[in-house]
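Shared between the two complexes below is subunit A, which has subunit B as its partner in the first and subunit C in the second.
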Partner chain A sequence: MLRFIATRFARALVTIVMVVTFAFVVLRLSGDPALLIMSVDAPPEAIAAFRQAWGLDEPLWQQYLKYFGAIVQGDLGRSMRDGRDAIVLVTERIPATLALTLPALAIKLGIGIPAGVYAALHRNSLTDRLVMTTAVLGFTVPSFVLGLLLVLVFAVQLGWLPSGGQGTWRHAILPVITLGVGGAAVLARFTRSAMLEVLGQPYIRTASAKGVPWRLVVRGHALPNAAIPTVTIVGFMVGSLIAGAVVVESVFSWPGVGRLLVVAVANRDLAVVQCILLLVAATMVTSNLVVDLLYGALDPRLRQMRAGGAH
Partner chain B sequence: MRLARRSLLAGGAGLLALPRFAVAQADQRPSITIAVQKVTNSNTLEVLREQSNVGERVFFTSLWEGLIGRNWQGALENVPMLATEWRRIDDRTVELKLRQGVKFHNGDEMTADDVVFTFGRERMFGDAQGAPMGRTLFTTETMPGRGGKELPPEVPAVAMRIWPALERVEAVDRHTVRFVNRTPDVTMEGRLSRYGSEIISRRGFSEAATWLDWARRPVTTSPYRVAEFRPDVSLTLEAHDEYWGGRPPIRQIRFVEVPEVASRINGLLSGEYQFACDLPPDQIPGIERNRAFEVQGGTILNHRLTVFDKNHPQLRDARVRRAFTHAIDRKAIVDSLWAGRTVVPKGLQWDYYGDMLIGDWSVPRFDPAEARRLLREANYRGEPIPYRLLNNYYTNQTPTAQVLVEMWRQVGLNVQIEMKENWSQIFDRNSPRAVRDWSNSAPFNDPVSSLVNQHGPNGQQQQVGEWTNEEFNRLSIELETSTDHARRRAAFARMLVIAEREDPAYTVLHQNATFTAKRKDIRWKAAPAFAMDFRGHNWGA
Partner chain C sequence: MSLVSIRGLAVAFDGVAALRGVDIDIPRGGALGMVGESGCGKSVTWLAALGLLPSRARVTGSVMLDGQELLAAPAPALDRVRGGRIAMIFQDPASSLNPVHRLGKQVAEALRMHRGMAGAAARAEAKRLFDQVGIPDAARRLDAYPHELSGGQNQRVMIAMALAGQPELLVADEPTTALDVTIQAQILHLLNRLRRETGMALVLISHDLGVVSETCEDVAVMYAGRIVEQATADALFAAPTHPYTQGLLAALPPIDGPRRRLAAIPGGVPEPWAMPRGCAFAPRCAHRHGHCDAEAPAHHPVAQQHSAACVLATRELVAA
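Take a look at the complex of A and B:
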């Protein structure tokens, strides 16, 4: 197991280094932070002074080496717009983002999985079709369209909820629903497919033929086996908790990590972008690792393979 | 930086505990919320650091005041502000009498000492030797002006651009100051009225722990002071009840960043915001269909231009550039894309130039036949000409570009749009540049503030190597240094001829405009500028 975790950890490090390098090169080659942060109408002397002060006039490779060296020492750099440590800026925004993504994840899990299971158990029924039609609608409507639609109905027409901003718990309702609906729809579809596949397996027929009550067959045999693909999707959703609400945060003017990322990319505020990317990569890698470990817990065959090598 | 568990927990506890206005029971004045696309670009509230249109909106007239002000509800002419009167001692010296009894946000009375400090090295021009340079964003070393009181390097650079020849500011007595220039300059009064010359409290600056602390809560004389500034999120101002111009009519003004146009409009219609700014013209009819709302605003001190790079092989011949200028039906653009809510100005000048305005000047007439003739004479044979374009950096930029390309095609110009993501890509020299968009402002009421500053020898267009003209550059110096009004006016007129007709550097398309929607029952008038005036005379009057 230790070897397994070590291998995954090493692979994760390589992934993070690649992400950081790619982002550095792309961001630096596609725009000059001085011009973007100081604005095009700033005096040329001011732009030159800014470049010199932040070392942007040095060769790119030199900037990269310094940047990478600092990261290795745990220094993620400073925001060129804000002047503060990038990590401070990013961590300041994480609570706001989690205030949306965690309840949204609960909606995804709380609605998506039961709906998918129910639809699979009632395959081809009216309820199944209704659930699946709703699911298709849920994940085909882009989140910004759904968000604006909800605002139009619940804020503008009915006046029940705020249209945007971060003020009270009521401000979070519409963005959380917007985020949750799409994910719940995806989960419902996946869960239904996985369940249907499992329900068609010989061991389900065998269990039924042995007289095991259907309820127990579903709970004891179908659900654990169908959980593996579902856990994979949930893993991705957990991995995107930090920066998975970029569009919704913009539509609802929610000051989270997503909006910070948009502003930082637009201004080529490299330290901030890189800091967010590192956090996202770390979250995603951790989530994948947990998912891998969960596979073993859910499926004893995988556990044995890791312990004794593949046969 | 180490993440403390306690700070994380505190952050978590505050997930949904968000800022709300305190209710002052005795204070019956209203609080308002204004939805804007951006509060500031630089995440500071310092006029020398935040040189932008969006900055103008939150700064003037709520947060910053200069010695000489502008009549924001009139023709933007100079008016007494923190100085009650001024006079010329000679062609390099202006003396100003300060208004008495003006209080800063910290309760101090404004004196000549504050004015001298405002224009001093510590706050404005920095150390002549320059701030520590060459540090990178990747080190933990303190950046200039960020960790301590040192100015960020761009602040002195901007200050030098605003006051290139200021020798000293003298306190004659407690309420009299003199500005002395190294060279004769007839624009000193204009420079005193411009964005960047506002007055700060010496004690306010000195007491701030760092430059950044001060730049996020500047202590000035304005009718409102900073209550809370959350960069990229919101700026809350509260009334400064000791304001020299009388008790401000609004208790709190909150500017909130709402990047999406639809979200700003929805928030206005649902009653969360009292004002929604930065609206594109095509949204106006939709908002005004609701009788409870109206859209105000209009032209501002900013013109949209098409700019030429005369080094491009097809544009070296001035006749091709002139053909560009004659092929544009500017009125059609104004009528179709701006619903007639802006105007085609008299070239790169503004009415508030006063007697420096060249009244009989105009943009090149729309004349496709003339454009075709010029192209024939120049032997242009339809070679492609690139047009580097940003996606709606300016309002209506992309549709305007598409209309322009079609107008140019009608006369035989083969202009090809190249979409770019940012200004670095617009200025990139690795491939041939030819045509791009720009806008020019006039920070004060003299052509030096625009034609010279933007297109002269030190202006952006020449600095990036797009265009130069020897005679134009000679005249730029004359316009900056001469004190002979007739000669200055003649020089300006000739410079317009060169830059807009003979050897086009640019061509003016139309004056820019900005639109703000609000509830009709709020009695408030938009200024002909980005600035939003919330002083007593413009609220509920």
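Take a look at the complex of A and C:
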């Protein structure tokens, strides 16, 4: 088991290094920060001085080695725009993003999973069809469309809620709903099919045949098995807590990590973009790792296979 | 009075008949073997009786347990019957056990449902049941998961779980089909021994006449959703009356005597949605004549405790 965790951890590190490297190279090949930040009309000497100050005049591989050396020591660089540490800039935005993504996650789980379970238990009923039709709508409509639609109805027409910005909890309602709907729809569909798969298994019939009331068959026999595939999707959702709101934050001008990313990319603020990508990769990889460990907790077959591999 | 009395049991899936009127009586402590090829309705009969079919199945007729009608029974009453008075085990033991729960817990669940046992008492009883069905190292196996045991051992666990509710009838649905031949024999011996020890009745569903005749005093032969012949095992082997039963017996290899080519029954079972109006076996029958296509033959007595749903049965009766 320890060896399993160790290999998984090593693999996670490799993934993060690859993401960081890729971001580093692509960012540097796709535009000159000096020109963007200093503006094209700046005197050539000023631009040259800027490049020298940020080490942009060095060969790419040298920049990369320096950058990597700094990361290892915990230094994620400074913003080219205001000179502050990138990590500070990013972390001060995290609470705002979590203020949207955490309630949205609660909506996804709280609506998606029960709706999927209910639909599966009442397969082909009117409610099932209704839930599934809503779900298809929910995840086919892109979030910016849904966001704008909500703004149109609840902010512009009805005037019940603010259309954007951050201030009171009322500002968060529309973006949270926009974020939550799509995920809830995906989760509902996924949970339904996982449940249907499990409900068709012989061991469900066995449980009924030994006199277990249906409600307990569902709770004790069907749900624990259906949870195994569902955990994967939930893991992805947890992994995207930091970076999952880029579009929605832009639509609602919400000052979170997502908007910082959009602005930083537009400005080629290299350290900030890299810092965000590193953070995103780290959360995604961590939640994947947790999902893998959860699989083991949920499925004894897997647990044993891993234990066997560790001998 | 019979323990279980089934009358005119019929099942249709989406309007297509799978079971077309089945009558069965199981006396207390009796053993009935039900044979027939796959799809003939032998499993469906008992799944329907216990309300275990999916909701799209339309079940009609009557299933009486000690005078209690099961088909109309409310869910809590049915839950007490299932596992408590009539237990059922299935063909594929590995997938019939929940993969994420320990075996002891799965047996203890039945003990809790039907005997109100929990904790250490349930565990001790589960261990006793494991011992009773011949699971070696029972105490350790309680903590094992289904995937850690062989098919034969898992079937023993299924049987232990079925015994947990001290049922009056055990319905074994092809309990040995998925197992090796040597294990098959062990499981059949086990079922025989448990019947003697507990006095419970047994229904053994199988496509294998040999398996059934070893274990059961009575045999019902099913074809296309109906029982076509019912008799004691001895009578059935000695004087099969229905041409389908005769065909089945002719298809068995003789254990002694010269080697011969096994006789196959020509043709195939009619599809459920294209059932002939008369006798379902008529299209494959060597003795077919005019009457057979007119209407489905009723059961005619052939001898004491021996009946067949075939016009031949009436003729033999007349001849006798």
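One rule holds for everything that comes next: the second predicted complex is superposed on the first by the 304 of 311 C-alpha atoms of A that agree within 3 Å, B and C clash if a C-alpha of one lies under 4 Å from a C-alpha of the other, contacts with A are read in each partner's own complex, and residues count from 1 in each chain.
The rule is simple: a residue touches a chain if its C-beta (ideal position, glycine included) is under 8 Å from a C-beta of that chain, and two chains touch if they have at least 3 such contacts.
Because the structure is a prediction, the values reported are computed rather than measured.
A.B. asks: According to the stated criteria, A:Thr206 is in contact with first (subunit B), second (subunit C), both, or neither; which is it?
C.D. replies: Second partner only, subunit C.
A.B. asks: In the superposed arrangement, which partner chain does A:Asp299 touch: subunit B (first), subunit C (second), both, or neither?
C.D. replies: It touches subunit C, and subunit B stays clear.
A.B. asks: Per the contact definition in the header, classify A:Ser250: touching subunit B only (first), subunit C only (second), both, or neither.
C.D. replies: A:Ser250 contacts subunit B only, not subunit C.
A.B. asks: Which partner chains sit in contact with A:Ala53 here, subunit B, subunit C, both or neither? Use first/second/both/neither.
C.D. replies: It touches subunit B, and subunit C stays clear.
A.B. asks: By the touch definition at the top of the document, which applies to A:Gly69: first (subunit B), second (subunit C), both, or neither?
C.D. replies: Only subunit B is touched by A:Gly69; subunit C is not.
A.B. asks: According to the stated criteria, A:Val153 is in contact with first (subunit B), second (subunit C), both, or neither; which is it?
C.D. replies: Neither partner.
A.B. asks: Go through the superposed model and pick first if A:Val136 touches only subunit B, second if only subunit C, both, or neither.
C.D. replies: So A:Val136 meets neither subunit B nor subunit C here.
A.B. asks: Compare subunit B and subunit C by how many residues of subunit A each one touches, and report the one with more.
C.D. replies: Touching more residues of subunit A than the other partner does is B.
A.B. asks: Could you pull out which residues of subunit A sit against subunit B in one structure and against subunit C in the other?
C.D. replies: The answer is that subunit A has no such residue.
A.B. asks: In the complex formed with subunit B, which residues of subunit A make contact?
C.D. replies: Where subunit A meets subunit B, its residues are 30-32, 35-50, 52-55, 58, 63, 66-67, 69-70, 75-78, 80-85, 87-88, 91-92, 94-96, 98-99, 148, 151-152, 155-156, 159, 162-169, 171-172, 250-253, 255, 259-260, 262-263, 266, 268, 270-271.
A.B. asks: List the residues on subunit A that touch subunit C in their complex, please.
C.D. replies: So the residues of subunit A touching subunit C come out as 201-203, 205-214, 220-221, 224-225, 228, 298-301, 304.
A.B. asks: Which part of subunit C faces subunit A closely enough to touch in the complex?
C.D. replies: Within the complex, subunit C contacts subunit A at residues 47, 50, 52, 75-76, 79-84, 87-88, 90, 92, 95-101, 109-110, 113-114, 145, 147-148, 158, 161-162, 164-165.
A.B. asks: Please give the residue numbers of subunit B that touch subunit A in the complex, ascending.
C.D. replies: Residues 1, 3, 7-8, 11-12, 14-16, 18-20, 41-43, 51-52, 131, 133-140, 143-146, 152-154, 156-158, 160-161, 212, 230-233, 256-260, 262-263, 266-267, 269-272, 421-425, 427, 438, 441, 458, 460, 463 of subunit B touch subunit A in their complex.
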